[in-house]
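So, here come the structures, one by one.
You will see two complexes here that share chain A, one where it goes with chain B and one where it goes with chain C.
Right after this comes the complex of A and B.
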């Protein structure tokens, strides 16, 4: 059996997840030796468009061209992993998709300019167009979770992803709860894996890893309200990094209230 | 013969960009740097957010310069809210910025740029022959990352720096480690600077340009300031930044473009070294005195050695900064502030150049955001230098070098395309399609101005075109002498595209015609451009952008009579222009 073939692709985003892979300095040479890196535009110029075992896709889909590229990646990859908040949730740029005012906002920036190089569309996470096998959340992704996932894939095992909110990591680190200090921390509502980095720096979680899947969000919201936090500001702050996925939840919340 | 050289998906740059160069016979008629990143509308996302939310949001524009964006947005907000921070906070922000410079410059020089100069497709392949260099690069980059992580909380998008200070202050041990490590690195830093200052940088393209960077003040070298320093001598206060940038849109890019007084300009390490290099001290100064010469002003490939000298500056500056930090043992926490209405601009030097953030705040919410990134400012300059290089190589019969050279140029600017926005296409026109292009321009009611002089053979061609047009009832056709001193004419002309018609030696057969966007001609020193400065003085940057030069290849400028191929060309042009 040959080495596993990996492709790392970038759609629209800040390239932070690809950069974070480059930032694995101590492991980088090992990564390039253990697997055949077929495509990694940021790191090399001899990129192939052949079949791969694993495609890591960063960024959200914001142009017709990217949609085509994504469909082609899905066709030639056994496993597709969404890496980072943009690929998983649609990214900060998806907040306008959800607001339904995208065309208006687009004109605010580009006026009536007809772009000739790309056809822009409202930002969407990659699973709006293809089946995604695994999600590595984060803004950017965590090195630890990436390396664990990478080694499991090398060994032919499915990755084991974290399924807990930021609060869990705060408990492990024995941090004081910031909610008790009257700081509007989004930790209870946010996917863990970052190491509770903001609360560990005495700063409230901003929710950049996206909404935790298994959190009882309605109950959390009630708790936050009881503690006297402002609902609108919590919702606005959650919406920044929650992309398109949060819209349904907000609708559900509205129903529960009425 | 029209041909294109294209580099799709420029590799080893950050983000998705491409470059297309179009060649018509012996003239490069067009170079386009395409930024294909999807539009993210970040400036619109900022609207409606609180200043604190935006300080987290805005750096997500780019992972490479995340801390430059962080410092720029914080500076803008603190200016808008009139917050003053104690010196320890400013010093720690500088340390964080130095970390990003080391990380970004070492990534760019070793991973992205060096493989071109030693003939490898990527740094990992290069490791087999240059194991030492690749190892240094990794360690240096790791050190930069380490500083960023200690100060900002994580490698990318760290949230520790906030308006008014830091969430957590680094411990004395953490700072001591950074200082000791910076000193340990010096032998490697010397090697890096020498290596990149002595690479054989090709002499195409070379042409003087305008540079712009932050004025750090106090006669110091530095990475931010409240004024912009331009190589023309002008100083621009932070809130007046549109005087430098004058942003505009182009249809082939999701990133906006900038021009200073109608001219393209360079930002980045090359701009800083040219404008501030005399202020360097210590080893960086020695390196500057040893390697700096006039070519550094003209050749964009010198962005590379300029970055190398800056790496040295950063490594020397780190111990100084840390010693100063130690003078303030007390951690100032987060300075308390009140939210009020206001406007603020934050200027910093990102590793790839001047970065501007501007915000307006009303009732605790952002009502307007304007962010101008270095790559957006360099984009037009990249096109200009690529055009120059392609034209020069074409003239020297080295067409096969064009594609690689253009990639080298683009990469030297260290463009960070995700900021705004992969690499090079060279197109050669197979069949000259100027009549078709002329027809399209014709539809926009252009003004035709004929240039030339009588009695010098083919040199009267431009004037004859106008004479024939006038006879055919074309109203907006003028000889140069009719309009040269006529202010009313030029005011009226502002809304129209202008086509200048003249003979042009572009190395083709006599009578061949080419239609070139005027700004490309102005960038192109090797073509005998004969547009008089007095004429050009009337043109605004807007007018230059939409105007064209219709050139006819002359047979001779000395003969007494017009040559027959040029006469045929005149007939074709007149037929194409009259209704």
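Right after this comes the complex of A and C.
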């Protein structure tokens, strides 16, 4: 059996996830030894467009061209993994883009600028266009979860991803609950696996690993309102990393109000 | 059980003497915060004698939140007990000792868990009396007094401690520094202990109708209160993490690169999480938060009874101070009894129909 073929691709994002993979310094030689890295723009210049066993895709889709590129990746990859908040949720650039104001907002930023090489579209997570097999959340992804996923795939096993919210690891680290201290912590709404780094330093979670599987947004929303936070600041905070999914929640809130 | 007397100023020197060769763990205040944790310390003076409860219960010394069970190579596997050390754990309140007795029934009886059992055998348990705050429910759960499950137990009578010897290991500890202890209590000592017990018993402000709960859990199994609590539950798992009797865990295998050993990791889990009841094929037996909460409370208030004599709640009050939406043993018990409860989950359910 030949070595497993891996491709690492970047769409619209800060390239932080690719950088994090490159930053696995002590493991890097082992990674390159265990797999053939077919494409990894940040790490090498001779990138192939051939078939791969596993495609890791970072970034959201913000142009027609990226959409085509993504469809081509899906065609030649056995397994596609979305890596990072942009690929999984659409990223900060997707917050509220589904609000039908996208064209207006686009003009506000770019005015009448003529775009010659790309056709921009509202930012979307990659699963808006293709089937995604696994999601590695985070902004950026966690090194530990990346490595355990990578090694399990090498051995032919499906990855075991964290499915609990930030609060679990936060308690393991024996932190007092920041929500109970009247801070707007999004821990209960956010995917865990980060080691609860921020709350462990007394900083309330801002949700950078994206919405947890069972995020109870309406309960947390009402709880924060009750604690005295103003509606707009809660909405802003909840929207940052929730990607395209937050729009439905806000529409539901609007309906409840009327 | 022998009872001795120890002068207040001799407590720390005694702890110093007995922790020679063992790690001393005790309640210490977290920096700039109002919470306490059991941590190992070499500075005995840092131990806090007036804390009410630690954030995590002492179960973390016997089943750490996350630990490596064994390392695997192509030659086989090697269990990892390296985290288990000789320890002296000081500052266990009666509720926490009852909590450990609870865990013993699960981890040390029918199917002994070698990690738990070894950690238990190597750890001396030193209890300490306490005074209830507004969240302590141990009088209601009949766990405010402890008669077994410790090596030594210290009751604080201000000028001195009364020291109960609960095991032969505890007796050995006394023999290390017999000069610190006085045998034979006089009438006055006995009188002040009785008075202390009476005053403490009257100090409990918060109560639940614990003995009624097994019946009520059964009778109100289909009560709408479960849907209401489920609608507000953040499914964060914190209640289980802080509960001294929650013992569920998850096991993960980590494969390593470059011929380094792989490892099996064991981590705390909670039945209030969605993944808990998920089985192969994608079936989930408890998809709804309401049914998961019902399961949790069945353990705390009902079902443990038929198996082990009484429901598992030890009244430590940790869920009362932890749950951000106020779902806890007190608010659920009171609701089951039909009382009007002031908690976020109740207010939330009035506003939003589940």
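Just so we're on the same page, the second predicted complex is superposed on the first by the 229 of 258 C-alpha atoms of A that agree within 3 Å, B and C clash if a C-alpha of one lies under 4 Å from a C-alpha of the other, contacts with A are read in each partner's own complex, and residues count from 1 in each chain.
Basically, a contact is a pair of C-beta atoms (placed from the backbone, for glycine too) under 8 Å apart; a residue touches a chain by one contact, two chains touch by 3 or more.
Note that the structure is a prediction, hence the values are computed from the model and not measured.
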With both complexes superposed on chain A, which partner does A:132 reach: first (chain B), second (chain C), both or neither? neither
For A:171, using the defined touch cut-off, is the partner it touches chain B, chain C, both, or neither? Pick first, second, both or neither. second
Counting only touches as set out at the top, which of chain B and chain C does A:57 meet: first, second, both, neither? neither
Could you look at A:194 and tell me whether it touches chain B, chain C, both or neither (first, second, both, neither)? first
Is it chain B or chain C that touches the larger share of residues in chain A? B
Which partner does A:148 contact after superposing on A: first (chain B), second (chain C), both, neither? second
For chain A, which residues belong to both interfaces, chain B and chain C? 29
The residues of chain A that touch chain C in their complex are 27, 29-31, 33-34, 147-148, 150-152, 154-155, 157, 160, 163-165, 167-168, 170-172, 174-177, 179-180, 187-189, 212-214, 216, 218-220, 222-223, 226, 256
Can you list the chain C residues touching chain A in their complex? 30, 33-35, 37, 55-56, 65-66, 231-238, 241-242, 252-258, 268, 270, 273-275, 289, 321-322, 324-325, 344, 347-348, 351-352
Quick one: which bits of chain A touch chain B in the complex? Just the residue numbers, please. 10-17, 19-20, 22-23, 25-26, 28-29, 32, 41-47, 60-63, 65-66, 91-93, 95-96, 105-106, 108-111, 113-118, 120, 123, 139-140, 143, 194, 197-198, 200-203, 206, 208, 233, 236-237, 240
Help me check something: in the complex, which residues belonging to chain B touch chain A? 9, 11-16, 34-45, 48-50, 53, 56-57, 60-64, 66, 107, 111, 115, 121-125, 127, 138-139, 141-142, 145, 153-160, 162, 166-168, 249, 251-254, 418, 422
